[in-house]
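What follows is subunit A paired twice: with subunit B in the first complex and subunit C in the second.
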Partner chain A sequence: MSERISKNDLRQRAGEWIAAGKAVAGPVQVKPGTVLYAPLAAADALLLDGWIRPSNSIKEFIFPRHEALYGYRIDGAGITLDDLPAEIPEQIIVGAHPCDASALPILDKLFNWDSRDDFFNRRREATTVITIACTAHDEQCFCTSVGLSPAAERGSDALLVDSGDGNYEVRILSEKGAALFGAAVSGAAVDSIAPDGSALSPAPAAGAPERRFDPAAVAEFAKEHFEDPFWREHALACVGCGACAYTCPVCHCFDIVDEGNPRGGVRARNWDACQFALFTLHSSGHNPRPAQGARQRQRIYHKFFMYPEKFGETLCTGCGNCARNCPVGLGVLPLVSEICHAESV
Partner chain B sequence: MSGTNQFEPKIVAFVCNWCTYLGADLAGTARLEYPANVRIIRLPCTGRIDTNLVVKAFEIGADAVLVSGCHPGDCHYSAGNYHARRRWMLFRELLDVVGFDTRRLHFTWISAAEGRKFQQTIEEITDKTRALGPYRPYEAQAAPPPSNGAAVQRRAPEPDFAGVKQELRGAARRLLEEGKVKVVIGYGASGPVFITRPEDSDRLEWNENSLANLTVYLKRPEVRALGAAAVVVKGCDERALVVLEQESQFQRENLQVIGVACGGLGQPKCDACDTHQPRFADLTIASAAAQDAAPGDGRYAELERFLEKPREERLAYWTAEFDRCLKCYACRQICPLCYCERCLADKNRPQAIDTSPHRKGNFAWHLSRAMHLAGRCAGCDECTRGCPAGIDLRLLNLALARAAETQFGYRAGMDPAAEEIVGAYSLQDKEDFIR
Partner chain C sequence: MQNPYKPDLMEIIGVRQHTADVKSVRLRFKDAERAKEFDFRVGQFGIFSAFGWGESTFNICSSSTWRDHIEFCFRKVGRVTDALWEAGEGDTLGFRGPYGNGYPMDEWRGKDLIFLGGGIAMPPIRCAIWYALENRADYGEITIVYGARTVGDLVYRDELEQWAGHPRVRVVQCVDPGGETPDWKGEIGFVPTVFERAQVAAGNAVALVIGPPIMIKNTIPVLERLGAKMSDVYTSLENRMKCGIGKCGRCNAGPAYVCKEGPVFTFENLRSMPMDY
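For the complex of A and B:
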């Protein structure tokens, strides 16, 4: 069963959810030229058209950039740990992109692998993702190269497909989505990508970005070229910031910090990124990834070789945020294009 | 006073060991009573009082801060207080732009003989702070909801790309063929490129995306390892080179500078640019666009418009801006002048700046970043261009640049022979804000 909803009705629904006290987030133009997924105070701010994709990703609503884990108190009796209030409000993300939504099942595997990460899971469970299929792409988009498409259903609770007349066709993909739209589930979201990276999602609509590379070939290159001048040469431009990792829908590294005073404080986790020199620096002073080449290599390795080997899928959804946000023109697609170029020479 | 429910402010006083601390001691031995609201922190010299300590004091609950040291001429380390005075002049301007209530920050000179002045100062600060009420931390501010603003019209980028590109390629090829350099740092199709073989010179491009300030690579060990370099700079980028040279970060004779006269690339900084022409390059590639470009003025116009907003509005603006900060440190990494081997933000013994991207950590980070570039920032705006969250760091840099220009007649990166303003002092420095 599929329903239809007009853009105005969607906005109105979002307004109702906000009024009902739910935390609603979606794409917002925060200032000229900057579109971000951000909490919506009013549905008017929700941006539905006219842009490629936000500079950040929806991961921060489920895996926040800063999250207090628990409190601690130090006194004469020793150390007391305090659970922090775990009330996670019901959260709705409206207008996610397929490359954002499909990141969530990929992250589920990581956060439920050797132990269940309650902090991640409780937010994940409290979140409903309403995705809008893409109708436009730019030269950095490459979802079709990693087995997805502008209308991929994976990770979404509902997918809205623009029918071109101011309406969306609503595909309900989970019970959470059904509850929100008061409709029945119309079909389970395609939940996996074939190991060879081929698309199991619905075939890309016309106007989808063309397929740019084969992830398996990148994995093959990575496996064969661990020690290779390629990495040093192609990381020369990298200035070592975390813009790529922090705006990536699937990069998930974090750091644990204690913040407080001698009487107590809070233990928190913050995002961290493999491009920082400090990321792997040992307290002895030794750094196993001493130069930027090793750090760029790590990023490609993790996404196309290590994660697929461990979890059976590519740690990349082809959103292109890394390249769009890189101040010096690097990112997965530029680097992988160079790999394919090096392979073919 | 005691026994009532009135607000008792906490006042942190950072004082120097030699004068104000002894002044406070004298007040005690002379049985001069002053409010118990003050917590004195003794440091060797006002020159040691990092502005981050002031931020830190407010972070952990101070309602007002006093910084106090020896009178001019009395510093026990000759000039620590003069250096401090300069820093405060700049710091106050920065605080003003971010909407911090500077009435909570006090500066005094109190000698070892001035027990009475110490007593009166503390009494006054306590009364004033009591009237102001508790400091409402930056973290407690309500951020305004984001709004959809109108797009800003910019000057059209210059059309004369092809000619410049050909000349750049020729220059790079010659330098590499003659063996003068091992690498040419220039712009490629999608970002910076590092040309090491003459036959690769045709990878060099010049277009509206030639935005990066390539002098940032002079600090990268991976690039240094390539050997003698030539770097392509626009007139604006070259200012960073001047500062790096003043700060002995490279040997000018070991660097070939290929200047490009540029007519503007459509960036906010281009509107008021008065450095279209590189001035110190070994070779300058002229462009017709640069010939026609009139030197812009009104370089602080944007800042001045911003400063017309009431203080509370400025604070709310920066609250929303800093809330978007991810702590990805693109602003720091892309800055040619942020070259410390280990940044203050990366040190944790002690943790000078919280690493968390929460309000407290972001406020301390952005104030520190801007202050560390006070009187040094060459205005290339790379921090702002690099920010994935669109934070307008440019305004903070402009505030400090304007302070440097109006108070010291100094513009960073304009004159390699000029004396830098940070790390120097003058006996005539303005001190109308110090009691």
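For the complex of A and C:
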């Protein structure tokens, strides 16, 4: 038996969580036409309907754009390193999309293979993700092409499915979700998707985006056409701004820099992006990816070939943010469509 | 909470200037316990830092048989290396590592060793040379061919002389045409041609080739002509890195994280990988 909650009650609950001192974030209209996942000062700002998806992703609440790794103090020739306060407040993300929530278990693998990255893990553990199944999609949505769906449960602690009468059906998927809604776990989140799509959750009435491509065919193309003029030709318009990576739920590349003054500061990690020329520039001046074509190739190669080879996961949730935020009409789906066109797959 | 990004603090106990823009630094762990337990394989690298300026990746160019210190060597080319250039004895640097796979010195036992280096590539070769010399009975003939653009760009010149004095070690030094000085006694020419002229038997040899891409490109055919197997020819890649532990996403050459699966690869490996380095 599943729980139900009305939209009004959900908003009221969010207000109670905020009042209880929890950090709550969700979709907010920050200016006309722009919706972002942002911290909620009051539940009124929580946007539940009437938009496709925020321009950013929830990764920034777990893998922040800027994160101090430790502090350093300089006193003459002496250096003191300081662990920084590690108290991570419990946070709730309400109104995540399945293409955001499903990014988290994909990133778990990267941040925990070989050595553990507890900066990621501690925020992940402190975060409860309440996902709302999508009832609408646009031409950039392609979750069904990467093994997900508008109601995919993966990575969510609770999934709310709009039943069309002002209510959500509440599927509790973890103990964290159960604790928030005071209900029992109704089933484990589907954590692996069969290649034939058999484990997909049913799509809500509005329908799912049609399947546009086969990720395995894209992987094959990226691997077999590494030196192909395709990349140069299709990256001509790329301005190397990195918006694709910054708004992607799973892009995770980072830089490590010192920020401070002559007496001390912090060593911090900041988001970085493979579309920047400096990303791979050697100090000798040699650059293995000297032009934008090689950098666009890297993005597709990493997502569809390298990451699956290493971690058994496609590094893409089909959210479409890269294309929606690209100033020149590139992004995963536009490029992959060209690959499919080139290969007739 | 474990913090894999937090470095060890090390004290500079020696600095040597090799050329107008290359120095090497000798470091000792400030924490005596850490010094005692620290171990690495030659060919591995560290991430060294000047606090307030940032981190840079360098090979640990001392031998792993030297227990009381480590060394690294750098060219002054940017923000972090400018700060390292200013650092002196008694100053504190950060060190993370050792990272990467290193050279399979055990597998190389019983083989002749050919070391081919160009310019600032001597430090990552030097650690293997010293290791082999300190385990001399394990290895056959050792040939070292090292070149730089000019006499003034050669690093570790005193050690090259020292190595040449060892039994069954042949050292050939060269500079590019025009880079010689009136008193230059070495060869004039590029590493691949000087190496070919040296007529070294490569049939039972392992070769370690590190240098600028053009040197590597022209040296490999020479090795092939001399009968070296590409599974016995090694290099160390230099892809830019930040984390060193397979997270930050920038050092991959094709499907391989250079920081984890490398930096040491055979040319047999490299030929199956795309040109992404």
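We adopt the following convention: the second predicted complex is superposed on the first by the 328 of 345 C-alpha atoms of A that agree within 3 Å, B and C clash if a C-alpha of one lies under 4 Å from a C-alpha of the other, contacts with A are read in each partner's own complex, and residues count from 1 in each chain.
Throughout what follows, contacts are C-beta pairs under 8 Å (C-beta built on N, C-alpha and C of every residue); 3 or more make two chains touch, one makes a residue touch a chain.
Not measured: the values here are computed from a predicted model.
After overlaying the two complexes on the shared chain, residue contacts for A:G240 are found with subunit B alone; subunit C is out of touch. Once chain A of one complex is fitted onto chain A of the other, the partner contacts of A:L110 are limited to subunit C, with no touch recorded for subunit B. By the touch criterion defined above, A:D83 reaches subunit C but does not reach subunit B. After overlaying the two complexes on the shared chain, residue contacts for A:S55 are found with subunit B alone; subunit C is out of touch.
Once chain A of one complex is fitted onto chain A of the other, the partner contacts of A:R65 are limited to subunit B, with no touch recorded for subunit C.
Of the two partner chains placed by the overlay, subunit B and subunit C both lie in contact with A:V257. Touch criterion met: A:G33 reaches subunit B, while subunit C stays clear of it. When the two complexes are laid over each other on chain A, subunit A has residues 255, 257, 261 in contact with both subunit B and subunit C. In the complex of the two chains, the subunit C residues touching subunit A come out as 1-7, 9, 49, 51-56, 75, 77-78, 81, 90-92, 94, 212-213, 238-240, 242-243, 245-250, 252-255, 260, 274-277. Within the complex formed with subunit B, the subunit A residues making contact are 28-34, 36, 38, 41-42, 45, 47, 55-56, 65-66, 232-233, 235-237, 239-243, 245-247, 255, 257, 259, 261, 268, 270-271, 273, 276, 278, 291-293, 325-330, 334.
Across the complex, subunit C is touched by residues 69-70, 72, 74, 77-79, 81, 83, 86, 110-111, 113-119, 122, 226-227, 252-258, 260-262, 264-265, 267, 269, 272, 274, 279-284, 286, 288-289, 294, 298, 301-302, 305-306, 309-310 of subunit A.
For subunit B in complex with subunit A, the residues that touch the partner chain are 60, 145-152, 188, 190-194, 212, 216-217, 220-223, 226, 320, 324, 326-330, 332-334, 346, 351, 354-358, 361, 382, 385-386, 388-390, 392.
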